[in-house]
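Each in structure tokens, the structures are laid out below.
Presented sequentially are two complexes of chain A, the first with chain B as partner and the second with chain C.
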Partner chain A sequence: MATVRTRMRCLYVFNRNGICLHYHVWLRPLITLSAQQDQKLLFGLLYSLKSFAAKVDPLSTGKENLSFQQPPGQGCSFHSFRTNTYKLSLLETPSGIKFILVTDPRMGDLRDAMKYIYNIYVEYVVKNPLYEPGQPFRCELFNSTLDQYVKTLE
Partner chain B sequence: MAPAMRPGDAAFAAVEHVNAELFTLTYGAIVRQLLTDFEEVEQVNKQLDAMGYNIGIRLIDDFLAKSNVTRCSEFRETADVIAKVGFKMLLGVTATVSNWNNDSTECSLILEENPLVDFVELPETCQGLHYCNILCGVIRGALEMVSMRTEVKWVRDMLRGDDAYEMRLKMLDQIPEAYPYKDDE
Partner chain C sequence: MASIYNLFIINKSGGLIFYKDYGSTGRLDTNDSLRLASLWHSMHAISQQLSPTVGCTGIELLEADTFDLHCFQSLTGTKFFVVSEPGAPGMESLLKTIYDLYTDYVLKNPFYEVEMPIRCELFELNLAQALRKDKLGLAGR
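So, the complex of A and B:
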């Protein structure tokens, strides 16, 4: 029996309104919440983490209060956090699209990989004439190109 | 060592190119069809703007992914990026930005050459037509996806006898990011 040795765990794609446009899973042995709760929790976490990171920024002017939200991509923004069991990387585009990649904790800097995934999203989803912006998508070509790319990162 | 390319040139080189004549003639056919379908020139102008808007909301991601620009901190920078990188990457021409107002919320984008209007002449029956109105919609749609509400309209149009193409770009407001979920859960 072949064992699946993959360092990628899962990928989430959110838009600025908190709608999960896509959820792609490679390896996730433990699932405790329903998909909807899981996505909402993750989105809420990142929303809070962003304002928190901006607030503790030692270089910031300190004029913003905790509830102040910077437009996507502006000012201080965090790009990953690591725990003993996983690493979570975030890419937020100025158009409000958030890519979240959960991987093995030993993975290095994934910012370029995330940019490549953004390009895959643009090619197969945004440019797809059948895609309605703001709706969840399910696209075979996106999935297969993503899988192929992710194999090269292992 | 090669001289540093301007960001617009780099982005232009990175995208696939389409035959310019094919693009111009296809656009011309679209406008022609709209004129037949709607008959009234104002309606056609509105349709072109709406089509441009639908293009713009999708085009913004394509532009951001390929050009690697970071978030603009102020509207002046946004106008520069549109003129130098955006137009260059997507239409192959650069625009110039000028005529800023005192608040830096309004400016003009001036195009010396416009690939959409090659071979085009406006007949007498269509004098009110803004042939390139799709561009206004594209800019408006794209900027809305980066949290800016704008108004874009044509001020000078070479097809109507002026000496250049000038668009007036006005920023109305910034759309703040709001927490999307209600606090019931």
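So, the complex of A and C:
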């Protein structure tokens, strides 16, 4: 039987303080850093990329200082970037929660998929009465629904 | 309307060696363009560390709400990046063209010191020509 090659790599969910609420790996052959270091590095990258995008934004007139961080949902922000080995898509909700999906570089636009994943999170994590907002979660139903949905994206 | 907004060229240590603005609304001052260039250099390096598979060479395309940023890194570590309208086609080949012009008119200039800011009249002239051609090509499509 041929091995199943998934095009998904991993999913990160961060709260607005940079704490990783959820980290899920589908396929990750290269691990150079510990999970915690990796998450910190990624959050730092997204933080800088956001202020970079707000500064570069060719259509804005009032320029903030480069170190100024726009509140979630304001200012020009990026939704994905691509390298030769992976593509990273980002969705930031108005409450400051960041969903990051890392996939194969050949994936198309995943903005709708990210919204769908956000909906799964709302349904199965936020509506879970035992879940404390802002805390890391491990939710069986979230994982299985996510896995199912991700298969439809392949 | 121009399809590209800015062009940056940064050397292998992240210093801005060439910057040109092609009509963005809020112009960047010199200090900001230098800061953006070195910020891009470090983010490019971090993106390589986060790769889930081996052989990552850094960000090639950044997609934002109002712009696309295409980046090309030469073998020697010089990075070229353009900020364009979202979904503008042919940016990879434009970057290759700019790289060709850089090798021809900057590196082959005997008075140019490597890794230093680019002040070459011929480069600017040919760059302007290439961009005009690119724009006409797009309009003709």
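In this text, the second predicted complex is superposed on the first by the 151 of 154 C-alpha atoms of A that agree within 3 Å, B and C clash if a C-alpha of one lies under 4 Å from a C-alpha of the other, contacts with A are read in each partner's own complex, and residues count from 1 in each chain.
Throughout what follows, a contact is a pair of C-beta atoms (placed from the backbone, for glycine too) under 8 Å apart; a residue touches a chain by one contact, two chains touch by 3 or more.
As the structure is a prediction and not an experimental result, all values here were calculated from the model.
Trainee: Will chain C clash with chain B on chain A after the two structures are superposed, or do they fit?
Mentor: fit
Trainee: After the superposition on A, what does A:Ser95 contact: first (chain B), second (chain C), both or neither?
Mentor: In the superposition, A:Ser95 touches chain B alone.
Trainee: Under the stated touch criterion, which partner chain does A:Phe52 make contact with: chain B (first), chain C (second), both, or neither?
Mentor: The answer is second: A:Phe52 touches chain C but not chain B.
Trainee: Looking at A:Val126, would you say it contacts chain B, chain C, both, or neither? Reply first, second, both or neither.
Mentor: first
Trainee: Is A:Leu153 in contact with chain B, with chain C, with both, or with neither (first, second, both, neither)?
Mentor: A:Leu153: touches no partner chain.
Trainee: In the combined three-chain superposition, what is the angle centred on chain A between chain B and chain C, taking C-alpha centres, to the nearest 10 degrees?
Mentor: One gets 120 degrees for this angle.
Trainee: Just chain B (first), just chain C (second), both, or neither: which does A:Lys115 touch?
Mentor: In the superposition, A:Lys115 contacts chain B only.
Trainee: Per the contact definition in the header, classify A:Leu42: touching chain B only (first), chain C only (second), both, or neither.
Mentor: second
Trainee: Go through the superposed model and pick first if A:Arg16 touches only chain B, second if only chain C, both, or neither.
Mentor: A:Arg16 sits against chain B, while chain C stays out of touch.
Trainee: So in the superposed three-chain picture, is A:Arg28 touching just chain B, just chain C, both, or none of them (first/second/both/neither)?
Mentor: second
Trainee: Who contacts more of chain A, chain B or chain C?
Mentor: C
Trainee: Quote the smallest CA-to-CA distance from chain B to chain C in the superposed model, rounded to whole Å.
Mentor: Taking the overlay as described at the top, chain B lies 13 Å from chain C at its nearest C-alpha.
Trainee: Following superposition on chain A, which residues of chain A contact chain B and also contact chain C?
Mentor: Residues common to the chain A contacts of chain C and of chain B are 44, listed in rising order.
Trainee: Going by the contact rule at the top, pick out the chain C residues touching chain A in the complex.
Mentor: Residue list for chain C touching chain A: 5-6, 24-26, 28, 32, 35-36, 39-40, 42-43, 46-67, 69, 83.
Trainee: Touching chain A in the complex: which residues of chain B?
Mentor: 57-58, 60-62, 64-66, 68, 70-73, 145-147, 174, 176-181, 185
Trainee: Of all residues in chain A, which touch chain B in the complex?
Mentor: Chain A reaches chain B through residues 16-19, 40, 43-44, 47, 69-74, 93-97, 115, 118-119, 121-122, 126-127, 133.
Trainee: Can you list the residues on chain A that touch chain C in the complex?
Mentor: 9-10, 27-30, 32-33, 38, 41-42, 44-45, 48-49, 52-53, 55-63, 66, 76-86, 88, 102
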